[in-house]
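Next, two complexes with subunit A in common: one pairs it with subunit B, the other with subunit C.
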Partner chain A sequence: MNPYATSIMTFSLILGTTITISSNHWVLAWTGLEINTLAIIPLIAKSHHPRAVEAATKYFLTQAAASALVLFSSMTNAWVTGQWDITQMNHPTSCLLLTAAIAIKLGLVPFHFWFPEVLQGSPLMTALLLSTLMKFPPLTLLLLTSKSLDPALLTAMALASTALGGWMGLNQTQTRKILAFSSISHLGWIAIILVYSPKLALLTFYLYTIMTSAVFLALNKIKALNLSMIMTSWTKTPVLNATLMLVLLSLAGLPPLTGFMPKWLIIQELTKQEMTPAAMAIAMLSLLSLFFYLRLAYHSTITLPPNSSNHMKQWYTSKTPSTPTAVLASLSILLLPLSPMMHAIV
Partner chain B sequence: MSPLHLSFYSAFIFSGLGLAFHRTHLVSALLCLESMMLSMFVGLSMWSIENQVSSFTMVPILMLTFSACEAGTGLAILVASTRTHGSDHLHNLNLLQC
Partner chain C sequence: MYPTLLINSLTLLTLTILLTPIILPFLFKNFKNTPQVTTRAVKTAFLISLAPTTAFIYSGVESVACHWEWKFIMNFKIPLSLKMDQYSMTFLPIALFVTWSILQFAMWYMASEPYVTKFFTYLLTFLVAMLLLTTANNMFLLFVGWEGVGIMSFLLIGWWQGRADANTAALQAVIYNRIGDIGLILSMAWLASTFNTWEIQQAVHPHQTPILPLMGLILAAAGKSAQFGLHPWLPAAMEGPTPVSALLHSSTMVVAGIFLLIRMHPLLATNQTALTACLCLGALSTLFAATCALTQNDIKKIIAFSTSSQLGLMMVTIGLNLPQLAFLHISTHAFFKAMLFLCSGSIIHNLNGEQDIRKMGGLQKMLPVTTSCLTIGNLALMGTPFLAGFYSKDLIIESLNTSYLNTWALLLTLMATAFTATYSIRMTILVQAGQTRIPPMVSMNENNPLITAPLTRLALGSITAGMIITSFITPTKTPPMTMPLITKTAAILMTILGIVLALELSNMTHTLTHPKPNPLMNFSSALGYFNPLVHRFFSKNLLEKGQNIALHLIDLSWLKKMGPEGLAELQVAASKAATSMHTGLIKAYLGSFALSILVMILMTH
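On to the complex of A and B.
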C-alpha cells in the first residue's frame, strides 16, 4: 500500500483511540469510535480480494450500527439526567443499551458472529489491529461506566463468550479464526470481572494484548494461515517455533507462564465477591480453548509433518529477528513472578 | 416522554430494526444506517433548542459530518463489493463462513 495512505490510516487509528480514551463527553467518545472505524476499513480491504471486501462490508455494518447505538444510549441518558458526562451514566435503560452496543463493538456473545469472518478476511497485521487496538476504546467506555452496569447481564455474556469461544474454536484449521475465537473467550474473562474490579479487567486486557500480539507477529513471520503451514515451519525458524509454543500455552493460561496471572486474580476476586459458581464455570469453560491452543502448539513444535525421511527440507535461512516479536514473546512468557507489581501499577 | 421525544426515539428504533432485518440488498442496509443518523441529528438539535444551550448547537453539525464520512465509506464498500461479487445482494457474501 502507498506509504502516504498507510501513514494517514495509522495516524487516524492512533488519533481515534486517543480521542475516545481521553474524553469526558459522550459525543467526543463517539467521534473517536467513528474515526477508528473509518480508518481501519481500507486496511481490511486493501488487497481487493473478494474475501477482504466481504470482511470490510461486515465490519463496517456492525461497527457503524454499534456506534449509532452508543450515541443513542448516551442521548437517552442525557434527556433523562440532563448531562453528557461519561462517568455519570445512571439511567438503567441507557446502561442496557450501552452494554449491548459495546458488546457488538467488542464481539461478545450474542453479538460475536461478525468477528471470526472479519478476521479471516483480513491480512494478518490488520487482524492483529482488529483484535487488540480496536478493542481498546470500547473497553475504556465500559470501564468508565462500570459502576452503573448490570452485573447479571455482563456475567451471562461473559460465560456465554467463554463457552462459545471454546466450542466454536475446536473445529477450526485456519489460524485467524482460531485466534478470533481465542479473542472472544478472553473477552469473556475481561467482561466477568468488569463490574467488580475494573483495574483487573484492564490488566487482563493488557496481558491479552501482549500475548495475542506475540502470536500474530510470530505467525506473520512464518506466514502461517492454516494449520498445515504451521506444521512445516520448524525447518525455517526453529527458535520462533519453540517460542510460539510457549506463547500459545501462555494464552491458554498455564502456570508458570504469564497468561496464568489474569485467570488466577480473576478467580480470586470472583470468590471474594461470593460468585464461586461463576468462577468455577468460567474456569471449566476455558478448558475448551486449552484444547485448541494445545493442538496448535503440538502441531507447530512437538510433531514433525507427515513427510518421508528423504523429503527435501526447506533451507534454514537466518532471517533477522524483529525486536517487537522478541520483546512481546518474552513478556508473555516471563511476567508471572512480577504479578504483585502488575496488580499494583495497573 | 413527550410526543417529540417519542418521534425520534421510535425513528431510531425502527431504522435499527430495518438494518437488523435487511433482506436482499446492501443499499437498503446503508439507507437504514443513514436514517438512524438522521434521527440522531433531530434528537441532538432538539437538545440544544429545548434546553437553551446555545454552545451545543455545533454538535448536530459535527455528528452530521461524521455520518456523511461514514455514508461515503459505505458507498465505497458497496462499489467494491459490486466489483468483486457482481452485485450487492447480501446472500452473495458467504465466502467466509465457518
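On to the complex of A and C.
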C-alpha cells in the first residue's frame, strides 16, 4: 500500500485508541471508536480480493451498528441521569444496551458471527490488529463501567463464548479462523471476571495480546494460512515451529507456561466469589480449545509430512531476524514465575 | 484309675509315628524314605493305636479332649484341639488297618512306578489329614483336615498326569468338592457369628436350629460324599491308581462328609426339615447309584457306584437320626470296600490292565485267593447274615422299616438294596464264573505275599469286624426290638430278590437273542444323562456371563462408550450443530443480533 496511506491509517488507529481510552465523556469515546472503525477498513480490504472486500463490508456493518448502539445507550443514560460520565452508567437498560454493543464490538457470543469471517478475509497482520488492538478500546469502556454491569448476563455470555469458541474451533482448518475462535474463547475468560476483578480482566487481556501476537507473527513468518502449510514449514524454520508449539500450548493455558497464569487467577477469584460451578464450567469448556491448540502444535512440530529425505533441511532460507517475534514468544512462554509482580503491577 | 493321660499320650504317639516318614528326612541326612519305611510306620501306628482304643473301651469314658492353643500373635490364638470319643477312637485303628493293607498292596501294585516314594508320601499325607479331620474338636482343625483330604485327592487322582482323562477327573473332583466347601464355610461363618465359637460341643441350640447352617452342612456332605447332584466326581475318580481308589474313594475320604454330619449331629437333630432333607437326598443317591451300577462294564466303576450307593445309605441313616449306626456302617464298609478294590487291582494287573468285565471270566481257577476275597467282599456288601455288612446294613433297614418316615425314601432304599445284590452278583458271575474270555497270552500270578497278605487280612476284617465293633460299643439309642416277621426279613428278602434277578438275567445271556435298544438300559449306562446335561450347561453359562460382564459391560460400555468414545461423539455432534449455525449471511447475523438484544431486554425487565 501507498506509504502515505499506510501512515495515515496507522496514525488514525493510534489516535482513535488513545481518544477512547482516555475519554471521560461518552461522545468522545464514541468518536474514538468510529475513528478506529474507519481507519481499519482500508487495511482489511487492502488486497481488493472479493473475500477481503466482503470481510471489510461485514466489519463495517456490524461495527457501525455497534457504535450506534453505544451512542444510543449513552444517550438514554444521559436522558435519565442527566450526565455523560462514562463511569456513572447507572440506568440498567442503558447498561444492558451498552453491554450488547460492546459485545458486538468485541465478539462475544451471541454477537460473534462476524468475527471469524472478517478475520479470514484480512491479511495476517491486519488480523493481528483486529484481534488485539481493536479489542482494547471496547474493553476499556467495559472496565470503566464494570461496577454497573449485570454479572449474570456477562457470565452467561462468557460461558457461551468459551463453549462456542471451543466447538467451532474443532471444525476448522484455516489458521485465521482457528485464531478467531481462540480469541472468542479468551474473551469469554476476560468477560467472566470483569465484574469481580477488572484488574484481573485487564491482566488477562494483556497476556492474551502477548500470546496472540506471538502466534500471529510466527504464522506470518511461515505464511501459514492453513494446517497443511504449518505441517510443511518445519523444514524452513525448525526453531520457529518448535517455539510456535510452546506458544500455542501457552495459549491453551498449560502450566508452566504463561497462559496458565490468567486462568489460575480467574478460577481462584471466581471461587472466592462463590461461583464455583461457573469456574468449573469455564475450565472444562477450555478443554475443547485445548484440543485444537494441540492439533496445531502437533502439526507444527510433531508430525513429519511425506517429504523425501533429501528435502529434510533446506539450504536456503530467508533468515531475516525478527525481534518482536522473539521477544513476544519468550514472554508468552516464560512469564509464569513473575506472576506476583504481574498481578501487583496491573 | 483315670485313663485320660493314657489315652491322650497313646493317641498322640500314634499320630506322631505316622508323621515320621515325612519329618525324619529333614532331621537325618542319610534317612532314606522308601515304601517299606512308610508301610512299616503305618503298621506300627496301627498296632499302637489298639492300645488307646482298648483303654477307651475298657474304662468306659465318654470322651477325652486334648487342647493346645497356638498363640500366633497378640490376641490371635489358634486352638488345636483333639477329641478322642467313640467315633475317633474306633475310626483310628480301622483307618490305620485298612491303610496298612493298602500300602502293602501298593508296594506290589506300584512297583514299576518311578516316583513310588512320592506316591507313598502323598498317601501318608492324605491319611494324616483324614485322621486330623476325625479327631478334630473344633471346626478350624476339621476344616484343615477337610481341605487337606480334598487337595490330596486332587493330587492322587491326577497321579498319571500325562493322561487327559485323569486331569479332567481330578478337576471334576476339586470343583465338586469346592461347591461343597461353600456350604461348610457358610456353616462355619454362621457358627462363629451365632455361637461365637468354632467348638463343636458349644454348638447346641436351645430350640430348633435355623435351617441355613444345616443346609450348608448338608451341602458340604453332599459334595464330599458324592450325594446326588454332586456325584459325578466319584466314578470319574477311578482314573487314579487302584490303591488311591481303595483308600480315598471307598473307605476314608468319601466318608468325611458323613462324618461331619455325625459330629454335628446335636445341631441336626433339632430340625426335622434338615433330617428329612438328608433322608430324601440319601435315598435318591443310593437308588441312582445302584441303578447306574447295573449296566457298567468297568469293574472299578461298578465298585465306585457301589460306594456311592452305600454313602447314600449312610445319609439315609443320618436322616433317621441314628448317627451311631451310620458310623457303624462307615466302619464295616471300610473293610469290605477296600478289599473289593484291592481284589480288582490284583485282577487288573494280572490281566495286563484289562478293566472290562466282559473280557474277564472264569478267574476262579486262576486267581483263587483274589476271587475268594472278591466273593467274601460282595457277600458282605449285600448284607449276608453275620458277615460285617450285616450288622450295620440290616440294622439300618430294620430301623428304616420301623420308623415314622417318608414312604418314598423307604421304597427307594429297599429297591437300592435289591439292586446292590443284583450288580454284586453280576460282577461276581462275569468276573469269576463261566467260560473265560481273557486274551490267551496272559500269565497270572498271585503268589506274591504282598498281594495275598493284605487281602486275607481284610477278608478277616470283613467277616469279623461287625461282630467285634458291635460287641464293644454301647448303643446310645434303643434299637428296635420287636417287629413283624416281614419287616424283620425285608432286607434279606430284597437281597434274595436281587440275586434271583441277577441269576435269571445272566441265564438270558446263554440264549443268544439280539439285545434290543432299551430306554431304561440306556438311562442306566449313560449314568442318568447327568454329566452331559449339567457339565455343559453350567460351565457355558458361567463363561458367557464372564464374557458379557468383562468385555461388553466393563470394557466396551463403561471404559469406551462412557469415556473417550462417547465423549468424542458428543463433541463432534455439538461442533457440527454449531458450524451449521454460521451461515455467512450478514442479514442473518444482524437479525440474530437484534433478536438477542430484544431477548436480553425482555428477560431483564
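Simple rule for what comes next: the second predicted complex is superposed on the first by the 335 of 346 C-alpha atoms of A that agree within 3 Å, B and C clash if a C-alpha of one lies under 4 Å from a C-alpha of the other, contacts with A are read in each partner's own complex, and residues count from 1 in each chain.
Just so we're on the same page, contacts are C-beta pairs under 8 Å (C-beta built on N, C-alpha and C of every residue); 3 or more make two chains touch, one makes a residue touch a chain.
Predicted model, so just to flag it, every value in this text is computed and none were measured.
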Task = Report for A:I266: first if it touches subunit B alone, second if subunit C alone, otherwise both or neither.
result = neither
Request  = May I ask you to decide whether A:A65 touches subunit B, subunit C, both, or neither, giving the answer as first, second, both or neither?
outcome  = both
Between subunit B (first) and subunit C (second), which does A:D150 come into contact with in this model arrangement: first, second, both, or neither? second
Query = Once the shared chain is lined up, is A:A56 touching subunit B (first), subunit C (second), both, or neither of them?
reply = first
Tell me the contact category for A:M168 with respect to subunit B and subunit C: first, second, both or neither.
both
For A:F111, using the defined touch cut-off, is the partner it touches subunit B, subunit C, both, or neither? Pick first, second, both or neither. second
Larger residue footprint on subunit A, choosing between subunit B and subunit C, goes to B
Requested in this report: Could you tell me if A:L288 is touching subunit B, subunit C, both of them or neither one (first, second, both, neither)?
Outcome: second
Q: Have a look at where A:P92 lands relative to subunit B and subunit C in the superposition and call it first, second, both or neither.
A: second
_Taking the superposition on A as described, I'd like to know which of subunit B and subunit C A:L203 touches: first, second, both or neither._
neither
Footprint intersection on subunit A (subunit B / subunit C) at 57-58, 61, 65, 69, 116-117, 168, 171
Given the complex, residues on subunit A that touch subunit C span 57-58, 61-62, 65, 69, 92-93, 96-97, 100, 104, 110-111, 113-114, 116-117, 150, 153, 164, 167-168, 170-171, 288
Contacts from subunit B onto subunit A in the complex sit at residues 5, 9, 12, 16, 19-20, 26, 29, 33, 36-37, 40, 43-44, 47, 51, 59, 62-63, 66, 69-70, 73-74, 77, 80-81, 83-85, 93, 95-98
Residue set of subunit A touching subunit B in the complex reads 27, 30-31, 34-35, 37-38, 41, 45, 48-51, 53-58, 60-61, 64-65, 68-69, 71-72, 75-76, 78-79, 82, 116-117, 120-121, 168, 171-172, 177
Subunit C residues touching subunit A in their complex are 571-572, 574-576, 578-579, 582, 584, 586, 588-590, 592-593, 596-597, 600-601, 604-605
